[in-house]
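Notes for the one structure printed next.
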Amino acid sequence: MTYQPGTTGVVVQNIERAEQSVIDGLAECGVATVHEAQGRKGLLASYMRPIYTGARVAGSAVTILAPPMDNWMIHVAIEQLQEGDMMVLGTLSPSDAGYFGDLLATSAMARGCRGLVIDGGVRDLKDLTEMGFPVWSKAVGAQGTIKETLGSVNVPVICADAHVNPGDVIVADDDGVCVVRREEAAEVLEKARKREANEEAKRAKFREGELGLDIYDMRGRLAEKGLKYV
Amino acid sequence: MTYQPGTTGVVVQNIERAEQSVIDGLAECGVATVHEAQGRKGLLASYMRPIYTGARVAGSAVTILAPPMDNWMIHVAIEQLQEGDMMVLGTLSPSDAGYFGDLLATSAMARGCRGLVIDGGVRDLKDLTEMGFPVWSKAVGAQGTIKETLGSVNVPVICADAHVNPGDVIVADDDGVCVVRREEAAEVLEKARKREANEEAKRAKFREGELGLDIYDMRGRLAEKGLKYV
Amino acid sequence: MTYQPGTTGVVVQNIERAEQSVIDGLAECGVATVHEAQGRKGLLASYMRPIYTGARVAGSAVTILAPPMDNWMIHVAIEQLQEGDMMVLGTLSPSDAGYFGDLLATSAMARGCRGLVIDGGVRDLKDLTEMGFPVWSKAVGAQGTIKETLGSVNVPVICADAHVNPGDVIVADDDGVCVVRREEAAEVLEKARKREANEEAKRAKFREGELGLDIYDMRGRLAEKGLKYV
Amino acid sequence: MTYQPGTTGVVVQNIERAEQSVIDGLAECGVATVHEAQGRKGLLASYMRPIYTGARVAGSAVTILAPPMDNWMIHVAIEQLQEGDMMVLGTLSPSDAGYFGDLLATSAMARGCRGLVIDGGVRDLKDLTEMGFPVWSKAVGAQGTIKETLGSVNVPVICADAHVNPGDVIVADDDGVCVVRREEAAEVLEKARKREANEEAKRAKFREGELGLDIYDMRGRLAEKGLKYV
Amino acid sequence: MTYQPGTTGVVVQNIERAEQSVIDGLAECGVATVHEAQGRKGLLASYMRPIYTGARVAGSAVTILAPPMDNWMIHVAIEQLQEGDMMVLGTLSPSDAGYFGDLLATSAMARGCRGLVIDGGVRDLKDLTEMGFPVWSKAVGAQGTIKETLGSVNVPVICADAHVNPGDVIVADDDGVCVVRREEAAEVLEKARKREANEEAKRAKFREGELGLDIYDMRGRLAEKGLKYV
Amino acid sequence: MTYQPGTTGVVVQNIERAEQSVIDGLAECGVATVHEAQGRKGLLASYMRPIYTGARVAGSAVTILAPPMDNWMIHVAIEQLQEGDMMVLGTLSPSDAGYFGDLLATSAMARGCRGLVIDGGVRDLKDLTEMGFPVWSKAVGAQGTIKETLGSVNVPVICADAHVNPGDVIVADDDGVCVVRREEAAEVLEKARKREANEEAKRAKFREGELGLDIYDMRGRLAEKGLKYV
């Protein structure tokens, strides 16, 4: 059964995931390449920034729908985590409060979680950085949250303008966050690999000083469009 | 005598400070814990960000009320600094100009100042980072300021939506900035210590894989609210 | 011949540049000092932030006027680069798409380019950081761009609210970006050097605990304006 | 068959709609009441503002998924409009360009369309206002768009952080925009009507000077929580 | 007794107010004139915008300190309102939820309240506009609030970066909002009146085509500063 | 002689203007049409909003370069105004202060000025609206300014990301502001007129229910791109 985005009060326990090797491959490719390989779709809004630089991860989305300023559902979600998952939190209405900190990170890491993507705030940055638990968030904020109202776990959510289904593959690095549909993950990886191979060849030429104008054979089309050199 | 927030033309020379051991204790606890321990109040607006990551400090507030684009009062404030103080600057009307740079930091450090919290802009980031002088600011900006108009030193100020009295304790780290009333500092530290002790025990359990659902005994209340596992 | 800002379809091949020693001198001085030395003008908008901290560079501007979401002209511009140049990209209408990534950086570095200032988005941050190619941008974004429409290279452009002529000197560091007119570069460097020498002397005094109030002889003027110590 | 949010290249021609009387009833209730009646969900982001004040409308969503800066799909969508529909446009990546103006509004009005909700820009405001065609948008912008790339019509879209299915009921007024699931529309209207009746009785009491403290019997609970009158 | 800004759980029942004739006089002068007359202080942040244009009011501040997303204290405050008062709401942590709508406005108007200044969101704009109840707010938002947590009434609050004491005079019009200390209200009115008289004479001259350059005798000083006519 | 953008201390007295009939024609066409007619260039940033709706004007630019928070140069500029001019103000560094109010508007109207475009703040909105003096601005703000530092009049300026030469034609309405180069004004008008004539014919067809898909003959190209109707 499929739930409507926005459904509250439900925890879906068995979700399908992409193959781990596919997920790991997508992590290696990174956000920009994966985004291109799947036809330039799936990017989360660019306000989602990593709390520290240099992380590049991918995982199966365990989705969390949270009421504003309420982080109760994160505890519920952690029980559903498997090795290699990432948590993706969307809210019922926007808030920059600090839903997530080092205690929850400790718990999530103990379950094998690779990171968090949260359309809200995060705190305990110093600890999270030292622990090496990467978070992409809309805000940094110490403001505490409550545990009063139900949301859901593993229903479709909207996170930073993107639609994420439970089990979709999340790729995240310094460029932001990209979601890949579970069903398309293997095919996207294949395209991303080709793109990378192609880019490696180009990179070598660029390094030697060849110009994109020549490598991509652009001069004719530029002249046709009327570009004048003066 | 107490001054109204916004009073200009006054330098209050003798301000009361909290005990140094209390201040140092609050620094160790950090912003998120202190904010929780005092009942979730005192946070400055989340647009206040550190110029470099990893600093965690506390100090007695030497407050500065500055006219827009005018940093004259910072010079006046530096004379009032004691070992262990932090400067807190609010403006009479908003500006992102660069009120503070490496020369002023050199002067403040020579007086034992531990950092600056400024509802405006800062410049010379490369130097400040190398010197290890932490600043939390609204903006980074090289735009120069002038020295034309009086503000005040050590009157109550509004800084990033928070009310700061001279002598209040300022706690700042990667999560932002929190102000603790001087009179409440000892009590807040005590509560923060308890919170930390409590969290340490929880952290150990989380590390071993225990769930928040069990540690906090949440399952019953979740079921009562109607959470369904499917 | 001079082109109007906003002219499309033109590549100006021979631009005048400032002397390399002057450019290198300006890099050493940094943005805040150069901005002050030239009378507090030339700063780009403060939303221009570096993708990593610690870089401090200067170069002759090779300007790029780009249509929104179209990075074709960057390829054209790279052919015009000489050792010691920086690229400065303004757009015909705003966009946060990722115009520039590691392949273009590889190509630009092969031509001796020292960095990019772009009033738009950049991607492949992890690679650019590892390569040591500094970029100051309005946004980070993985969103791909196209190669459909002509802009220009080496015409005057508006970048982050500043007017940049081809051949102007661009100075950039953690404080932001500043443009110096080519014709004024030598004179600005001289003034910046004087300012630095002057500051060095002051810095020594500050380090020893002398106060700005005394160094700059401010006490009289403060009293005149009515400052009261209480 | 159901399409994934984000699917491009598809026009779904037959969509189910709620009953017209239910839709009209929801329009009368307005955004705030409908939002409350359905359990405080369904609000679009508050950056969606009307181009003129005073409009209050509802309609069945004909959804449009548009590439950035490309308004081709609006022409395709207009053919799918029925009397009483509203258009809802989400984009594949954000842009503030002016996707919609008076010509398209003339065409849409001729098909009985009641308004547009667009997560992008709109232009020809003076004409649209005179025509009485209401638009809720993220931006006002004259920047032209192109007709190059396919999106979709009547697939699920994300518009201003909300998930909208084709045929869902859109309610919009000066307070913003709210989406009601088609299947829940009748039930939500019933609850909204009850809420309104209840509020009308309260409004009369308030008008006569009765206090909410008494009408809602709040004094006891406030005292219990510790509120002190001094 | 005076309370610290931020104190929760207290309702101060007897506050001092400025004379009604002074308040009414300040309303006639408007925000820009009053702000100038009191030495350019007291402006609330410029993000505070009226929900409809053309209102110009003043009143004694009944202050409300509200927890985020909780409008309970507004009910408590309404009991404290007297004819000629304005409500001023600051929050313990920021939220754009819709704290205030037409029912509360009906209640407040029945008590003689002249308007609301709220560092948060407001809803029911269509009704409030028709009722003629002016509101200056940070946001428009239909999102509902709760009644769970105590704040305070008539303690000092921070509202949109300004410090407001209960009983201070609030002046508001299309230019924004300005606060005048109760103790200074009469003196500020006198200065504002003088300013207005002075401006009226100038306005007549301007209307006849005289230039500010001559009316204010600026030509000499401009020449002195080096202004060149070419 | 031509001045560099950013030159201070200069007033250029004799500027060339476009023909009045051309300017008036551009006003009739409005911003969106003019922007399209000149090849989609010349738009000022979309943050420039009118203080009241419904105005549609054009005029020759009398440009003002103003230091931050200093409106002295507006007085200087007013002397340079001729019947049919508009003032365009750019700043040396950004500020939202209220540079312009009803007195200056009275003076400018007496000289035949048709409006103001200001990359800063404006105040006295109630008066300006009643006087019918249209202003497009970045901000509304009552904050006062000073008269201390020289800028320039009638040198090229950057206003809201656009380059404006003295004598260029400014077109402004509810959609924003567009600048047309003086030399191109007649040609742009001609194109705009053609565009309007063309649109009028289309509008009639749209009114009768014809579809853009047929009027613009789009069906073939959509099918070619792969659009599927289901």
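Lettered A, B, C, D, E and F in written order, each chain numbered from 1.
The working rule: contacts are C-beta pairs under 8 Å (C-beta built on N, C-alpha and C of every residue); 3 or more make two chains touch, one makes a residue touch a chain.
Computed from a predicted structure; not experimentally measured.
Within the contact network of the assembly, the step distance from subunit C to subunit F comes to 1. Residues touching across the subunit A and subunit B pair largely diverge in numbering: under half of the numbers involved belong to both copies. More C-beta pairs touch across one of A-C and C-D than the other; that pair is A-C. Centre-to-centre, using mean CA coordinates, subunit C is 41 Å away from subunit E.
Measuring from the averaged C-alpha position of subunit A to that of subunit E gives a distance of 44 Å. Distance between subunit B and subunit C, defined via averaged C-alpha coordinates, is recorded as 32 Å.
In subunit C, the residues that reach two or more other chains under the touch definition are 40, 43, 93-94, 96, 143.
Chain contact topology: the protein chains form a pattern that is neither a line, a ring, a star nor a complete graph.
Every pair of chains meeting the contact definition is listed here: A-B, A-C, A-D, A-E, B-C, B-E, B-F, C-D, C-F, D-E, D-F, E-F. Partner subunit B is touched in their complex by these residues of subunit A: 1, 9-13, 52, 72, 75-76, 78-79, 96, 98, 101-104, 106-107, 110-111, 121, 123-126, 129, 139-144, 147, 149-150. Subunit B makes touch with subunit F in their complex at residues 68-69, 93-97, 143. By the touch criterion given at the top, residues 30-32, 35-36, 40, 43, 46, 49, 53-54, 56, 173-176, 178, 199, 202-203, 206-213, 216, 218, 222, 225-230 of subunit C touch subunit B in their complex. The residues of subunit E lying in touch with subunit B in their complex are 4-6, 8, 40-43, 45, 92-94, 156, 158, 161-163, 181.
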